[in-house]
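Heads up: the structure comes next, in structure tokens.
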Amino acid sequence: MALPSYATPVERIWHYAFNVICGLIFFFLIAPIIVIIPLAFNAEPYFTFTREMLTFDPQGYSLRWFDNLFSSSEWMSSIRNSFIISIASTIVATALGTLAALGLNRPSMPARGLITAVLISPMIVPLIITAAALFSFFARAGLSQTFPGIILSHVVLGTPFVVLTVTASLAGFNETLIRASQSLGANQTRTFFKVILPLLLPGVISGALFAFVTSLDEVVIVNFMAGPEQTPMTVRMFSGLREEISPTILALASLLVALSILLLSTLEMIRRRNERLRGMSPG
Amino acid sequence: MASSRKTSRAPILAADGTPLKQALHRSQRAERRRAFALVAPLLFFLLIVFVVPILAMIWRSVYNPEIRGYLPQTAAALQEWDGEDVPPEPVFQAMAADMIVGIENRTIGRAAARINREIPGARSTVMRTARKVDGWSAPYREKFLDADGDWANLELWHILKRESRLLTPTYYLLAVDYEYNSKGEIAPRPEIYQVYTGLFFRTAWMSILITLICVVLAYPISYMLATQPTRIANLLLILVLLPFWTSLLVRTSAWIVLLQQQGVINELLVAVGVIGDDGRLRMIYNRTGTIVAMTHILLPFMVLPLYSVMKTIPPSYLRAAKSLGAHPFRAWWRVYFPLTVPGLAAGCILVFILAIGYYITPALVGGDSGIFISNLIAQNMQGSSAQLKLAAALATILLVAVLIVYWVFNKLVGVDRLKFG
Amino acid sequence: MKRVLILTGTVAAIAFGGAIAQDKQLTIVSWGGAYSKSQIEAYHKPYTEKTGVEILNEDKSANALAGIRAQVEAGNVTWDVVDMLQADAQRACDEGLVMEVPHDEWLKAAPDGTPASKDFIEGTLGPCFIPQILYATMFAYNTEAFPDGGPQTVVDVWDVEKFPGTRALQQIPQKNLEWALLADGVETDKVYEVLATEEGQDRAFAKLDEIKDNVIWWSEGAQPPQMLADKEAVIATAYNGRIFNAQVNEDQPFEIMWDHQMFETDGWVVPVDTGNLDTIKDYLAFATDTQRLADQAKYISYGPARKSSAPLVGMLEGTDIDMKPHMPTNPKNLETAIPFDVQFWADYGDALEERFNAWVAG
């Protein structure tokens, strides 16, 4: 996108204007997320930059909101609940979703279009509808206000991502590799672990990460379904945001931003490794 | 000749001696079964834990057991009633019998609550009479009419008769701001009660608006991402992916922090002197808040498909068009833009589908002018005046709308084209 | 695969284990915030100390009626005791969702021997309802917004010229419609009579229309003090206990306007088909005795529902602030008060709520 030397003045102006516009849009995307991190260190219970903060006076900053967060048994137990729910539902969703994607990838799969549409539908149906439906259903089954009920509903939400990412990673999959492996004397199990799995793994891991984040971030269903013993951090954040937004929420929020940076880097690493593995150029 | 005809007629055999066609067929069937067996666990899981609950919800939206269940004898007796005048003695006798059972089982209030939805105040009429009825004896008609003048109200009896059917469209009528009038005809509700159609339309136009803003914002940056050298593009991509991977609640709270009256932007404007301390802008808890926050949250869903399509368009196409004498804009419009349409379509439909079902963000930053239909569904599921069946009807309408868009999307783009990250 | 199975098993064990570890516990549903804290201090903590029963507090009272309906309908009741408004309790009772309570059998008599049913303030008892406190909803304002003096009457609240700024009202028709009629000149004792007519309802909504542009809505009791503190609003309707807490604990410059306060009763109900009735009865007898009700008033400025508790009300815990003048039942605060009409809202609630929601969204 470098400007050629023969560009007309109009093109030049357009070029710089375009860069400025793009810069503003990127700023719009990233600024809100960045801005909450320093505010979580505010020494005062306000949601704005104090004079001390702007002059980088150490007095203006403190860890009191993180302290609040970590010393509150309610927040800590809700964070623990969130991780129990997310980890359990991710494991189940990944197992079910990966199997299904393997099946969908077989050329002999009957009614592929219809079945794919059904498997993806939990991602499409608005959450409030899923919540309304599952709430009554699980109440009848005696599963509302229990961990298994919440975990199952999050499995529903997580599987489409696993199906999609694993299918995508299988799409570039070369069937001849299996035949090559088998002709070289590997049995089916060995072929699966030595050839299929390494190629599949990036899709599985990114699918699992998606399922994990979806569950960790979910608030609509758990808001209806969780009892006091299962209350996850999102429900606490949601009611906190509605009632009295305290900087403690911002402390948790900035930790979550750190978590998403971590996840993003993991994913990026997997992607690069995957591209190297397949000998494809990035991009 | 003869022998050759003979061999061509004889079926080709597989190694185990069965005809090849049959063997192939069988192995294909086995192959299909194996493929299906892999999908089956998830498919059955989703059928039980997702599809069945949704079907049950749709069933609930038309299922109307209250009158038939809690006033069974009255419902039966009313079938004979011509509707012209206050019902005859047998109907009142049946009502008295139902009430005695209803008081005993403590279910009469449920029937009363159902009627009260149609006629305000009917709850008291039913409850007050039901508490007295045990001490009465036949004939009942006079005693009912003496106890409460509302028993002479024909509308009450018409409603009882109408709502004694097991399946009712009542909740769908309510969901589109229609109702049965006193003559039993379907008619629009009085304007002061109309809310749902307006909200369906608001949800639709605000979702379209958000989608359009997303297009306008996503197109330039996707183009930039696609045309920059890989190293820079990857760095810029992080600016898109980080919001994408960040918790929805975190992003919404960020916007609350930025936009509220004591928030960062207002403080900044006051400090700079653009506005006075009493002229703080109201940017949140209204439509603006919803649009800004949702655009921010959904923008990556537009950028990612657009970018993945633009990445595949060789820049030489544009150069070729220009070198052939096309004005840069014309070259872009005739050559480049059509090639990006698939990505644009995928992004638009994705953003639109996600937007019309949004609940959390409008609930937190929408105030009352920025809420969506989802928020009214939630409202009807909670509170002391919760109407679960109306919520189910509204949810079903929204679901159908979403499924239509999904179906169109599947036809045009294909769900397997959805990519993340 | 094996490892995955083991992991799943472990997580499932944690998940299920948490749910069945405690056999002696009560799930109590309440309103959250300062109110739940006062119950925890006055009732739950001493009760757990005395009996070892663990108490789980769930902040779902705002949706209690819908919640009990759903649980009873599904045949899976998980709530043991629910804190509810009297109006909702009456509806739940009529619908057979909560147990009928033999008050004198379940609850303790007053110290002087007056049976429980005679000890509660007249009009607060219901067939399924055990009264706990009387609380007021009224207007309050931030004094910093009105250096020359804040609004004194409901009419002032409607005067956006004299008292400019945003009003925060609760997003329900209850009480707002009554105040609108009062501001429009309807006499206190005629309010419900007028509101039962269609013209009266039109009149109330027309009056609300006058200030609609200056209104933001709240739905949780914790919001109005927050909105006043943040100056999102300068006048707000609120529960008196929440404003009192903000005044005392957070030193907020708030002033309560007692003019035409509306008071109502809040108390306990027990959903039908709940499991451990003996523990529930034991808890309720403990938590609603004369001393305990008076104790709650040490933490929040709501009036105890037992007459015998009133003389025992003392100072705010850890301070020398006398609680009596801050009670909604204090005679001075009751001068222009309107009792909230439970029966009226049981009858007209559905229709008026629908109209109100349409009006708010429109």
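Order as written gives the chain letters A, B and C; numbering starts at 1 within each chain.
To be clear about the criterion, a residue touches a chain if its C-beta (ideal position, glycine included) is under 8 Å from a C-beta of that chain, and two chains touch if they have at least 3 such contacts.
If you want to know which protein each chain is, UniProt gives these names: A, B = ABC transporter permease subunit; C = Extracellular solute-binding protein.
None of the values given here were measured: they were computed from a predicted structure.
With every chain reduced to the mean of its CA atoms, the largest distance from chain A is reached by C.
Pairwise, the chains sharing the most contacting C-beta pairs are A-B. Taking the mean of each chain's C-alpha atoms as its centre, the chain lying closest to the overall protein C-alpha centroid is B.
Averaging Cα coordinates per chain places chain A and chain C 39 Å apart. Rounded to a whole number, the gap between the C-alpha centres of chain B and chain C is 32 angstrom. For the pair chain A and chain B, the distance between C-alpha centroids works out to 23 Å.
Multi-chain contact residues of chain B, defined as those touching 2 or more other chains: 260, 262, 381, 388.
Of all residues in chain A, those touching 2 or more other chains are 135-136, 242, 245, listed in ascending order.
Shared interface positions of chain C, defined as residues touching 2 or more other chains, are 70. Of all the residues in chain B, the ones that touch chain A in their complex are 28, 31-32, 34-43, 45-46, 49-54, 56-57, 60, 217, 220-221, 224, 227-228, 230, 233-234, 236, 238-243, 245-258, 260, 262-264, 267, 296, 299-300, 311, 328, 353, 356-360, 363-364, 374, 377-378, 381, 388, 391-392, 395, 398-399, 402-403, 406, 410, 415-416, 418-421. Taken in their complex, chain A has these residues touching chain B: 1, 11, 18-19, 21-22, 25-26, 28-30, 32-33, 35-36, 39, 46-49, 96-97, 99-100, 102-104, 106, 108-110, 113, 115-122, 124-130, 132-138, 152-153, 155-156, 159, 161, 163-165, 167-168, 206, 210, 213, 216-217, 219-220, 224, 234, 237-238, 241-242, 245, 249-250, 253, 256-257, 260-261, 263-264, 267, 271, 282-283.
The touching residues of chain C, when paired with chain B in their complex, are 62-66, 69-70, 85, 87-88, 91, 93-96, 100, 171, 196, 205, 216-217, 230-232, 343, 346-355, 357-362. Chain C makes touch with chain A in their complex at residues 4, 7-8, 11-12, 14-16, 18-19, 27, 32-33, 56-59, 70-71, 73-76, 78, 219-220, 222-223, 226. In the complex of the two chains, the chain A residues touching chain C come out as 84, 87-88, 91-92, 95, 135-136, 139-140, 142, 144-148, 151, 227-229, 239, 242-245.
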